[in-house]
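Given below, in the form of structure tokens, are the structures.
Heads up, the next two complexes both have chain A, just with different partners, chain B and then chain C.
After this line comes the complex of A and B, so read on.
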């Protein structure tokens, strides 16, 4: 990675990508994309169930999940990288959720089969190695404990919700029972309050659960619309929530809670709609930290761009152009400041990022850039011997300052956390050997 | 245009010594003194070996010679059509101090030199701790000449057990690969195959149930698909079956709960259409389990394919590893070899 400190600060600190810089033409139809947390790898889930990992430096595929057996056989619905980028969770329409250890990407480390296609799967829940999945036509989300060899699956629902018909009669729960929330379609673990899970349902409800080791508590529910929840995202800082629903609207809420996390409040900030064409939105994504920007892809063959809004004012600030087709899933890599999205028709993957012009003067303060060769004229006192002693002293002093080369910086210039150990996918020597020997 | 070499003076068309009237040759423009010369095929002039910095022992190796001027295009054919000629040489005999050209279809000038060259090679072989000749013989234990020609094409020959005890059986990586291969060849493949069979059986049962339940409407396509059972026709059938009336038929266990007739009668006894009977999903248009049979079949087939390919892969990896081990073994042998040769040489000097 280039040293961002040496680049033009006005370009480096731009808050969103500007130009289409790369197109991956994959032989498979990509239907979902996800960057690793470090941004070194891009996972592409394909419609035939393959998941291919691309190295972003070389723009070449380096691993395929399940190429030694046990891969998905229907289109991939979601991909999630673990915090250290070593594990990947995939969910697919073939009813499976699979966990992959990139130390051995050939076979799944764990897998769970549900009774119907899986919508999404995300890290989180009450277990050390656990995840939350939402499944087709299921009323509740599932929590999966992936630590044991055969993962344990449990429904996430409040005791009151779970009571039988008779018990629901009791007055206390009458109100709750009357409410039909519909099927749970999306679920997000809150990035700051880890025990809080927010789900979105097919009848337009937010439900907030508080999950502890022993019990699950439904702490809040809020109706945002009268239609399906398609996507839900929470900002890294945790105070902004956006939900994309099938009524062609993206709603952006600010989420607040009291200190004990017992009361929550959703305050509608903005509604994003395409007022002219009335298009649905395919996918949405927040920018980093406090989510100052929101990017979305629009449904329909006439839409070929990504739309980027400023979340505080709700104004459209940029349209990312360049793709020649409808765009589906989106992911945003904050480390390298690039946005990727996959095309519907060709299955190609597009990447927009910043183009930083080389700036040589950043390498040394007295370095000057010239348009064409000029004859150098020596300044009057440039090579004078006087004052050399003082100069030398100054230099010596500068050298005496200890430079710390070993402590890692915590944040990069854009404010992203970089001080964590990123997993490096091991080289697959076997495959290289085999390629060399295949003909013999 | 190729320039003349540094040592070659510029072209001089002089043919006779101005003073003596003697014919002069070569780049040195001197008369013939009986020194070895070579005739240029381009300009018909003669040149001294020594003047052209060519060792005289290459005498017999010249195939067609062109002087520096012809090669540079000053004279000869290159001057007119621009195609610069080059001196061509014959291949030299492999015996290092023999400068005769090779015989036809050979790397040697004569049979005698071929034998002496190979004998020299065999004499240099030294295997510490072993007599050299038997080791060589073992490496070359080929029944006839055709096999002998193939030596090296099938990788390295395997050293015998006495020569390298436990070369393969002591290598953990190779053993690991072998055991994986055993696993694939043993249970894994059969298990998937039985699962596939079970799935096919169950699908057949569901089909039979549907036939009995809604037989009248479905008869047409039942006839058309009964013959072939290819994947495509099955997919078609499924499509048709969805269009016609049919129950979903998904069950988690994939075990036939009871004969089709019994199931149907039980199904018909229930008044309002049940959604589930004996663990079997009975919804008419079930979006939830849509394409369950196809998905599972694909999954199992994929597993079977990947098992087959991993069998192939493991076989290849085993072979690669064996080659590696052999190579390491031979390398180690020769390394000891060279050091043990050097020491007596030093003592002699």
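After this line comes the complex of A and C, so read on.
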């Protein structure tokens, strides 16, 4: 990302994209989008169950999950990339959660079948290679251990929630049982406190679980609304949570906890509503780190834009225009500072990014770009004769500073980690050859 | 202090039939690809055998580049085209677009883009999956003879040209981001000094540049400052683009080595930190320009114009003592 160091710093450090720059006209109807963590690839989940990976450098498809068999057969609900971008988790309305190893994207590496459509699937949980899934009309979320060849699925629920009536003793637990939370629809593993899972239910509850070895504990519950949760997001720093519910409101909370992670507190910061049209929100997404911005897509054929708010004040700061249709899923690539969203009608995928103007002065060294004419004034030392000896001495001095040719930069100028090698999808030489012979 | 030890002779001198211009160690360190007329010769370092991979080029090659997965070799030819050849499957793509001999090539670390530069003064970026041209960067006014991309960062690309300029481009947009000129007053007494090779350090923060006056410089290209200068003591108007590379000794604490070939057949090595001369190899490549130097780990491969190709390994003086 060295290019950022050489571009106009004022443009580079803008915190959100500005203009529609790219439209992918995919042959299939895209219904969910997800950038890889490095921003090199964009995964598009389609309504027929296909998942296509696009290379963002060339804007061309580079791989298709399950093109050698074993792909999904119904609409994709969610896509999640692993931290190193090597594995992908997909969940679908065909009742399956599938794990893909991009070393061999043609066939799924693992798959789990549930008893109904799967809403979401996310990395995390108590296992090294594990995930958390939420399933249609299920009271609890599921944790899946993907390490064994046949993945092991377990319900995530507190013992007290699960026990029969007569086994209950303390009053506190009785209270717990009486409370009907409804079905679990969304679940997010906390990005900082890895053992904390926050779920959102169909009756408008947040439930916070602590998952330790062999034990699941419901540590906190909080009612945010009287309608069902649609999406939940947690900021990278972990102290901000937003929930989109079907009562046409996005609620943004600041989440705090005590040191032992036994007590939690949700404090409502803002509610985002469309007061005029009373639109529902389709999808929401935070910006990086401490989530200074929140972006959302609106439901309904009259809405064609993405709305971007500043989270500290709750004010609308930008409307991302350009798409000609209602927008559905959203993802934000922090490395390249672009936001993508898919259209409902055409299934096209739109990308908004920063437009960095060319710096013409870079072509001619010692030239400077000025906004307007400046009257020339000779600088005090401009034509001073510097002795050759002194000049040489200065150059020699510059060459004594220690240089480090090996150590890579840890963070880019935007604060994203760039210190490790992300997985590169291998080129599929077979298909190149196949296409070549096709042409002939 | 350390020095190079010869471990294998890859190829003997072929007389003066045709020029040999490039030899590169593969990214997995198992093979060496060298230009042999219009064909590619692949040498297996462990087996010590070589095979000839013929291409459809009609004129000799001037440069080649391994793909990062070590499965393909891209070749730049005087017939204005670039061919990507898979070592097992054969030709994948023929990239047509340059209007003059192609001089140098470089894959990005992801292998999805291939950059080529040419005597037609332009740089072209190709999509390796489809073989289509993505963009053309034309900002030089003389042949572009060398390009490089940092090992883990495909966002920038640097080029060196006979117009004496080193430019840094944004690969995504094609905009020129920075121009490094030769010293403060780039017009030296006898006109500009043509740049012959550019090479990024492994962390992508510094750029090693060689020019046809036999001087090597390490630039801190973000700040636009020269931080090291190495003088090989040759004549100051050379004819050949002699090779050079960084060598990173296995010990993290050891400073990287700058290895450079000369027109008189010597290989000179400096410590990149102290600028101290470490080793000067005179007994091989006698009198023949060393056209390419390629390093991988502690291995170094050198090839001279007559086709003599040697494989060396870097040995610390302490371990030999």
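Just so it is clear, the second predicted complex is superposed on the first by the 403 of 440 C-alpha atoms of A that agree within 3 Å, B and C clash if a C-alpha of one lies under 4 Å from a C-alpha of the other, contacts with A are read in each partner's own complex, and residues count from 1 in each chain.
Here, a contact is a pair of C-beta atoms (placed from the backbone, for glycine too) under 8 Å apart; a residue touches a chain by one contact, two chains touch by 3 or more.
Bear in mind that the values here come from a model prediction, so they are computed numbers and not experimental data.
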Fit or clash between chain C and chain B when superposed on chain A: fit
Contacts of A:73 with chain B and chain C, given as first, second, both or neither: first
Which of chain B and chain C A:319 touches, first, second, both or neither: neither
Partner chain(s) touched by A:433 [first = chain B, second = chain C, both, neither]: both
Touched partner set for A:94, first chain B, second chain C, both or neither: first
Partner chain(s) touched by A:364 [first = chain B, second = chain C, both, neither]: second
Partner chain(s) touched by A:115 [first = chain B, second = chain C, both, neither]: first
If touched residues of chain A are counted for chain B and for chain C, the larger one: C
From chain A, separation angle of chain B and chain C (C-alpha centres, steps of 10 degrees): 50
Which of chain B and chain C A:136 touches, first, second, both or neither: first
Touching partner for A:408 - first (chain B), second (chain C), both, neither: second
Smallest separation of CA atoms, chain C relative to chain B, angstrom: 6
Shared contact residues on chain A - chain B and chain C: 433
Residue ranges of chain A in contact with chain B within the complex: 49, 66-71, 73-74, 93-95, 115-116, 136-137, 430, 433-434, 437-438
Interface residues, chain C side, partner chain A - complex: 67-69, 71, 86, 89, 92-93, 108-113, 127-130, 134, 139, 150, 152-156, 167-168, 170-173, 175-181, 186, 201-206, 218, 220, 222, 224-229, 246, 248, 252, 256, 272-273, 275
Touching residues on chain A, where the partner in the complex is chain C: 1-7, 40, 55, 57-58, 60, 62, 356, 358-359, 362-366, 395, 398-399, 401-409, 418, 421, 424, 426-427, 429, 432-433, 435-436
Residues of chain B touching chain A in the complex: 252, 287-289, 295, 298-299, 302-303, 306-307, 310, 313, 316-317, 319-320
